[in-house]
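One chain, subunit A, appears in both complexes that follow, with subunit B as partner in the first and subunit C in the second.
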Partner chain A sequence: MITMKIHTEKGSRKVAIKIDEEYYQLLGQIQAADFVLVELTLYLDTHPSDEQALNQFNQYAQYSKQLKRQFESCYGPLLQYGNNTVPIGPGWEWKQSPWPWQV
Partner chain B sequence: MWVYEKKLQYPVKVSQCNPTLARYLIEQYGGADGELAAALRYLNQRYTIPDKVIGLLTDIGTEEFAHLEMIATMIYKLTKDATPQQLRDAGLGDHYVNHDSALYYQNASGVPFTAAYIQAKGDPIADLYEDIAAEEKARATYQWLIDISDDPDINDSLRFLREREIVHSLRFREAVEILKEERDRQKIF
Partner chain C sequence: MEERYPAYTQVKAFKPFHGRFDPCPPIGIKYYRTPPNLYMNFQPPNLEQFSPYEALMRGTLWKPLYDYYENPYRERKS
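After this line comes the complex of A and B, so read on.
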């Protein structure tokens, strides 16, 4: 288990994002769900009338959002420019480490 | 515009500090058949490609940036703890004196990236055939990297990237057929 503590000022309190086993597990689930979405996106680009693939896409889009809500509530925002699924704060958590190449 | 996601497309784990392997992987960072060339090629060609395949070029081009980030992560993790002596022993002494441990868009031999690696012909079939060839060349490069690599964790990520090249190639081949069908339909009417 790798534990990385990242300190940020939130008012007068210091908080830490704990990079634990659960972080990697949840991140892995998101990567798997989003991979389905990438793969279906490219497939639908050349097979736009495949309704079954389209249904699967919509289903996984919901599932991915659900996983991201769970992740973002524990570890901070995953998505930029207001596309986060959980409100940011207190404090501007977006700029907080870790970045993808640091974990 | 683009929206950044604070995650890699696929996990990148590194077994140990290995600047020699990082030096080889730079080929896919700033080399002729690398991820930067791929992303820039597709995202540039899309402005003059028929509407039917703009979506595909946009989406594959975008995915290439996710692959570029994976390659960057591999190189970063393989070199971040290396001493100047270790970099020198790995043949990265030239790189070190110019860039320290910073990443630089160059190929495995240290040749800087150039736009001359990519083409935009304005002819949809010519452009898509180049894209298919680019994917096949990248797939071959990933195979050679897997063959030369001694890091099982890196190989797992490299196998993922190799498979993506195969899927991209397939989708581009389908795009060619879509355009040929459209062209033939226009001849009939």
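After this line comes the complex of A and C, so read on.
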């Protein structure tokens, strides 16, 4: 488990964001769900009236949103520019390490 | 998981002609890919699907469209 030491900033969630196994496991699930959404989007472009695929798409969209909410509650924001509401407690922390390419 | 698909072979090969005065040594057999989407006109609905994580790993959500790749030229190098 890598513990990232970051300078303590007023209002930051924890001193260090713990990058543990669960972080990667959750990220993997998010990636899988988003990939299914990409595939279904492409499929629905050419099959707009496929009921079964539409239901599956909505189901996975909800599932992905729920996963992301769960991820962001523990590890900070995934996307920026208002894609998620910034919790007041931890404050503005999207610029803290690790950055996506460091993960 | 035994691959029921595809009905068609995904790799095809041919032997390029090698003339007597060709400067380079013969390549032997050349391979080219014929993925399943070539044999599928319009994707039918309700195709069998992979699980999400497996779909991510295999690069496609639909089982019949999965195109397994293996480097046919590797044996030549080793």
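One rule holds for everything that comes next: the second predicted complex is superposed on the first by the 86 of 103 C-alpha atoms of A that agree within 3 Å, B and C clash if a C-alpha of one lies under 4 Å from a C-alpha of the other, contacts with A are read in each partner's own complex, and residues count from 1 in each chain.
Here is the rule we go by: a contact is a pair of C-beta atoms (placed from the backbone, for glycine too) under 8 Å apart; a residue touches a chain by one contact, two chains touch by 3 or more.
All of these numbers come straight from a predicted model, not from anything done at the bench.
Visitor: Which partner reaches more residues of subunit A, subunit B or subunit C?
Guide: After superposing on chain A, more of subunit A is contacted by B.
Visitor: Which partner does A:Gln80 reach: the first (subunit B), the second (subunit C), both, or neither?
Guide: Only subunit B is touched by A:Gln80; subunit C is not.
Visitor: Contact-wise, after the overlay, does A:Thr46 reach subunit B, subunit C, both or neither (first, second, both, neither)?
Guide: It touches subunit B and subunit C both.
Visitor: Which of the two partners, first being subunit B and second being subunit C, lies in contact with A:Ala33: first, second, both, or neither?
Guide: Once the two structures are laid over each other on A, A:Ala33 reaches subunit C alone.
Visitor: Report, in rising order, the residues of subunit A that make contact with subunit B in one complex and with subunit C in the other.
Guide: Common interface on subunit A, subunit B vs subunit C: 28, 31, 35, 39, 43, 46-47.
Visitor: Flag every residue of subunit C that touches subunit A in the complex, lowest number first.
Guide: Going by the criterion above, the answer is residues 42-43, 45-46, 52-53, 55-56, 60-62.
Visitor: Please give the residue numbers of subunit A that touch subunit B in the complex, ascending.
Guide: Contacts found on subunit A: 24, 27-28, 30-31, 34-35, 38-39, 41-43, 45-47, 77-81, 83, 99-101.
Visitor: Touching subunit C in the complex: which residues of subunit A?
Guide: 28-29, 31-33, 35-36, 39-40, 43, 46-47, 50, 52-53, 60
Visitor: Of all residues in subunit B, which touch subunit A in the complex?
Guide: 3-12, 53, 55-56, 59-60, 63, 69, 72-73, 76-77, 167-168, 171, 174-175, 178
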